[in-house]
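For clarity, chains are labelled A, B, C and D in written order, and residue numbers in each chain start from 1.
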Amino acid sequence: MKELIKLEHITKNFGNLRVLDDFSLTVHENEFITLLGPSGCGKTTILRILGGFETADEGKIFFEEKDITDLPANKRNLNTVFQKYALFPHMNVKANIAFGLKINGKSQKYIDDKVDYALNLVNLKGFENRSIDKLSGGQQQRIAMARAIVNEPKVLLLDEPLGALDLKLRQEMQYELIRLKKELGITFIYVTHDQEEALTMSDKVIVINDGYIQQMGTPEEIYNEPENAFVADFIGDSNIIGGTMIKDRLVKINGHEFPCIDEGFGNNKLVDVVIRPEDVIVRERGAGKINGTVLTRVFIGVHYEMLIKSEENEYEWLVQCYEKYDIGEKVSLDVIPSNIQIMNKPTSSDEEAIDLDI
Amino acid sequence: MTSKKALATPFMIWIVAGTIIPIGAIAYYGLTDRNDRFTLENVLAIGNSVHLQALWLSVLLALISTVICFLIAYPLAIIMKNSNFGKRGFMIFLFILPMWMNFLLRTMAWQVLLEKNGVINGMLEAIGLPGQEIINTLSAIVLGMVYDFLPFMILPIYNVISKIDDSIIEAAYDLGASTSEVITQIYLPLSVPGIVSGVNMVFIPSLTTFVISNMLGGGKINLIGNIIEQEFTVSSNWNLGSGLSLVMMLFIVVSMIFLERFDKTGEDSFI
Amino acid sequence: MKKSLKFIYIGIVALFLYLPIIALVVLSFNESKSMAVFSGFSLKWYEEMFSNRMIMQAVINTFTIAITASITATIIGTLAAVGIDGMKSKQQNLVLGFNNIPLLNADIVTGIALLLTFLMFGISLNWGTVYLAHVTFCIPYVILSVRPRVNKSTNTLYEAALDLGASRTYAFVKVVLPELRPGILAGFLLAFTMSVDDFVITHFTRGAGINTISTLIYSQVKVGIRPSLFALSTIIFVMVLIILLLVNFLSKRGKEKVIY
Amino acid sequence: MKKKIVLVISLAIVMLVLASCGNGGGEKVYIYSYGDYFDPDLIGMFEEETGITVVLDTYDTCEEMYPVIKNNSASYDVLCPSDYMIERLIDEDLLSEINFDNVPNIKNIGDKYMEMSKEFDPDNKYSVPHTFGTAGILYNTEMVGDTVIDSWEDLWNEDFSGEIVMQDSIRDTFMVAEKILGYSLNTVDEDELKEATELLKEQKPLVYKYANDSTRDILASESAAMGVIWNGEYLYALELNDKLEFVVPKEGSQLFVDSWVITKTSENKENAEAWINFMCREDIAKQNFEYLTYSCPNVAAQALLDEDVLNNEKVFLTDETIDNCEVLKDLGPEGNELYSKYWKEFKAE
């Protein structure tokens, strides 16, 4: 795939606060890329620098190998779908969608056709003359999309576009976005703090925290092989516990040795171990390695979610399973080797702070 | 709910005593002659060439000042909106503070500044420019009006503009609009309520002032406000003065209708 | 627009607004009475100001009228803002229309109308007539700033308080009023400012010997104003400046506390 | 029930306010005079001597004062209007006779001036002269150069365009034009008035400003070369700028007498008389003259003044000058309306 956008060594400060620090990223053509991270992590700032609403303090931006670092927003061939849609309240639906086309001096015929096409695409045919404040949130969202795509941008920047919608609508719109992406065949750069959204839609997810990229990869990679405690904790629920890598393919957790599939950490090295709650196997007492007592139990639809307190070191395991165990019941836990994910202990003080939080 | 409504009772009494009755009083004086007989003469006196000329001059000067105020205030409001936080509060402060100096004194200060041998001419001459003779002319009055009423244009416009979501402006840039297109197609239509109330708050006082024309016009220029004021003081023909006031109220009614037309936000933006 | 260009623009407008004020402040320290020449630094106008009874009386009048009128207007206006909320929308529009009249009406017309009314009812002009006139034009400002705060949430809060067993008065005083406080405060300050700065309406409704700072200045403008009035305005201006800076400073401190 | 309570409270507030409008206790005298027309220190002295509190208000022109008195919109005790206005107030029964038993110092006022007063107060029953004088041209000797200033017509000299200051008061402004045309100051002939109006309109482009007492400051700061002003301002103007000179034009001028009078509605008449008596005391009149520099009709006070001031013909006019001057008379309602009409027409130009 061809390289489309390149961010090189971007640094951005707001006052004394460093939001982005030496941030580099390459986006390829026709990718659906998601910047995922907690609020304040710098993901929106990246999008705004791309859109031309902020200027980076240092670093360069290339678009199709041209330096666009100093190009103002209105000259960039990319369009943004804003968090709260930012529709023009004094214009009707059609005028909103036609805005960019009119500015670019397109013919009336072309504009009419384009607006028709865009409204069709977002399933809002016949809404041309509605006024903006008469639309529901989901409809406004679609108009915002339509307004951006009629300009045929090479890249669409989406800043938490589904944040203001309710759950049901949000799920619907996720499918809608995937469909749109396929039909348009352009690059989407999507910003969200919702990991489910990120995993559902993207080709590539970039997890960001404190202005740094924590991990980059396909949704599966991110979920199954988190590279550090932050990613593991941020993406889905996890049990993150300290352990010792005795040798390749053998790790000691809670005083018990578990075979695993990771290599290259060295011998007798302290590591972090990530085990997803659904990967913990609950067995009758004695049938597993770690002994524990069921503390709480909630039924959440498909399965039960339980906290099980380990007897050896009081660690509380988050566990999901289909069988029902009573509170106070004594059980044993086990994990199969491929579900054990080993990570290096964080080295920077920043990440230690995160560790403490966990 | 009825008990809640009753809270407005003192206000209703005040409306009757402080607004309705006084307007009735003006109407009564305006529609009668010295002997309390009904007449339309005082109202129709606006057709008198002297009055008409003063009215025409007042409308003209008020229009000019309003336009100048708008042209100064609008870019300022946009700049104020886009300045960063700390500065924003400071700037509102900067433009409100002068209102705390008595406006008569501020106006009079212009007299001092513009006097033929005044401060401004002194400065101009010091840098080798010819002195300007604008004191006691129409320009001096316009300057006084712009000076006195500019904050009343800045504040309502700023109020409306500051409420425009930044992302709407960014969206317009994002869609390729240039700065001038953003101003004409986004800022202007969205700030109409503020503009209307700003225009009202500059136009009406400019139209009816007698103080500024008195202080800066050198007694050479009579605006309709001067005529009415003089009917009440110098000439003591209160009936004529009231009749002309009734005519002035027409303008106010028109401006009220204008305000009514535009969003209620216009009302809030007085503050 | 370039940043420096913005700066220059703001600077020019600010200069335009402040030039006369600077001139007045400078002249208040002028040795000579003449407004054309600065003949030397002197504090004599400040001395004269404090020893001149007319000026002191005008200061007292200005502030007693402003304080009493704006307090009265704040009470009536706040009650009205809540009361108006309980009206049907047609009634609301009518009442608000009347409320707008003193705001939009030319000062000169308002002043004359009040003057004629006082005389029609045989009320001789005095301190009280000025007070009544000021209350009249202050109320709309209070309503204007309080009304936006009277909305659904205050209604819900009021009902919630009733639901929890509060009496109507208690609910109003303890629940609704605190909710309206910023609006009330803004309304009061606005009314106060308008009252202090008013000239035209006072000019028409003032009685014998009732001068406010504005009318005193006007009566002196033609005779040749004495710099002691510049001194007075300078002092008021500086006081306002200090108060505003203090308020600003304190509220900033307050905000920081909230954050940390 | 609630409604009634609110109603009662709001009425109570209104009543309270109305009640508080009454004046506080203590003896008072309400004075309404031209602005800056006597030494402000005198107020304190008077209060100390008599225990009467002075409440002072000022006006700029008599015309401004008249409607206030006429409508009794504010009640004053003592006024200090000019001659023609006193006549009008007497005619309209707005003044009360002064009890001269309470004003023994009336003896200090020269007979000459009491005689002059008879022009507008035929029996000397209502008024006590405070100042008198005439209008003339104050000019800057340097700015006018070689031009000799001795006629009202010099105010129409186009060489001084934009450097001429005129009075901004109906009768005083018309006076200048009427004198040039050779008409009486008190003409009510519409044709003559029309002619005067035309003359004033013609002059308007040359005029820097229509001003009242500030004429002195404008000339002192050399923003204008000449202006119409009262002779009483001359000494003070000279202090500010020694290039100034004053002349009473040869066509003759207006003679004014400004006198203390007491209103019909006065509630503090004896205090008012005490004030007038105080102002007539020789030492007070002298102090006031030194402050005001308007010619004072108080003969006893004149005796206390320096010779050269007394002999200054610009301050204490010669009989010859006085004879050449005319006193303004009240013109009656029609006459006043006629002046108003032409005044407005001239202003609208």
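We adopt the following convention: a contact is a pair of C-beta atoms (placed from the backbone, for glycine too) under 8 Å apart; a residue touches a chain by one contact, two chains touch by 3 or more.
Quick caveat: nothing in here was measured; it's all calculated off a predicted structure.
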| item | value |
| --- | --- |
| Chain whose average C-alpha position is farthest from chain D's own | A |
| Intercentroid distance (Cα basis), chain B paired with chain A, Å | 54 |
| Length of the line joining the C-alpha centres of chain C and chain D, rounded to whole Å | 35 |
| Gap in Å, rounded to a whole number, between the CA centres of chain D and chain A | 86 |
| Separation of mean Cα positions, chain C and chain A [Å, integer] | 54 |
| Sites on chain A at which at least two other chains make contact | none |
| Touching two or more other chains - residue numbers and ranges from chain B | 2-3, 6-7, 9-10, 115, 117-118, 232, 238 |
| Junction residues of chain C, two or more chains touched | 35-36, 76, 79, 115, 132, 221 |
| Which chain pairs touch, all of them | A-B, B-C, B-D, C-D |
| Residues on chain B engaged by chain C in the complex (per definition of touch) | 1-12, 14-15, 18-23, 25-26, 28-29, 72, 75-76, 79, 83, 89, 91, 93-95, 97-110, 112-113, 115, 117-119, 147, 150-151, 179, 200, 204-205, 207-208, 210-211, 215, 225, 228-229, 232, 238, 241-242, 245, 248-249, 252, 255-256, 259-260, 267-268, 270-271 |
| Of all residues in chain B, those that touch chain D in their complex | 2-3, 6-7, 9-10, 13, 17, 49-50, 53-54, 115-118, 133, 135-136, 218-222, 226-227, 230, 232-238 |
| Complex interface listing, chain B residues touching chain A | 165, 167-168, 170-178, 181, 185-186, 189-190 |
| Sites on chain D touched by chain B in the complex | 2-3, 6-7, 9-11, 13-14, 61, 63-64, 66-67, 70, 162, 168, 170, 204, 207-211, 218, 221-224, 336-337, 340, 343-345, 347-348 |
| For the chain C and chain D complex, residues of the former touching the latter | 34-37, 52-54, 72, 76, 79, 115, 118-119, 123-129, 131-132, 206-211, 219-224 |
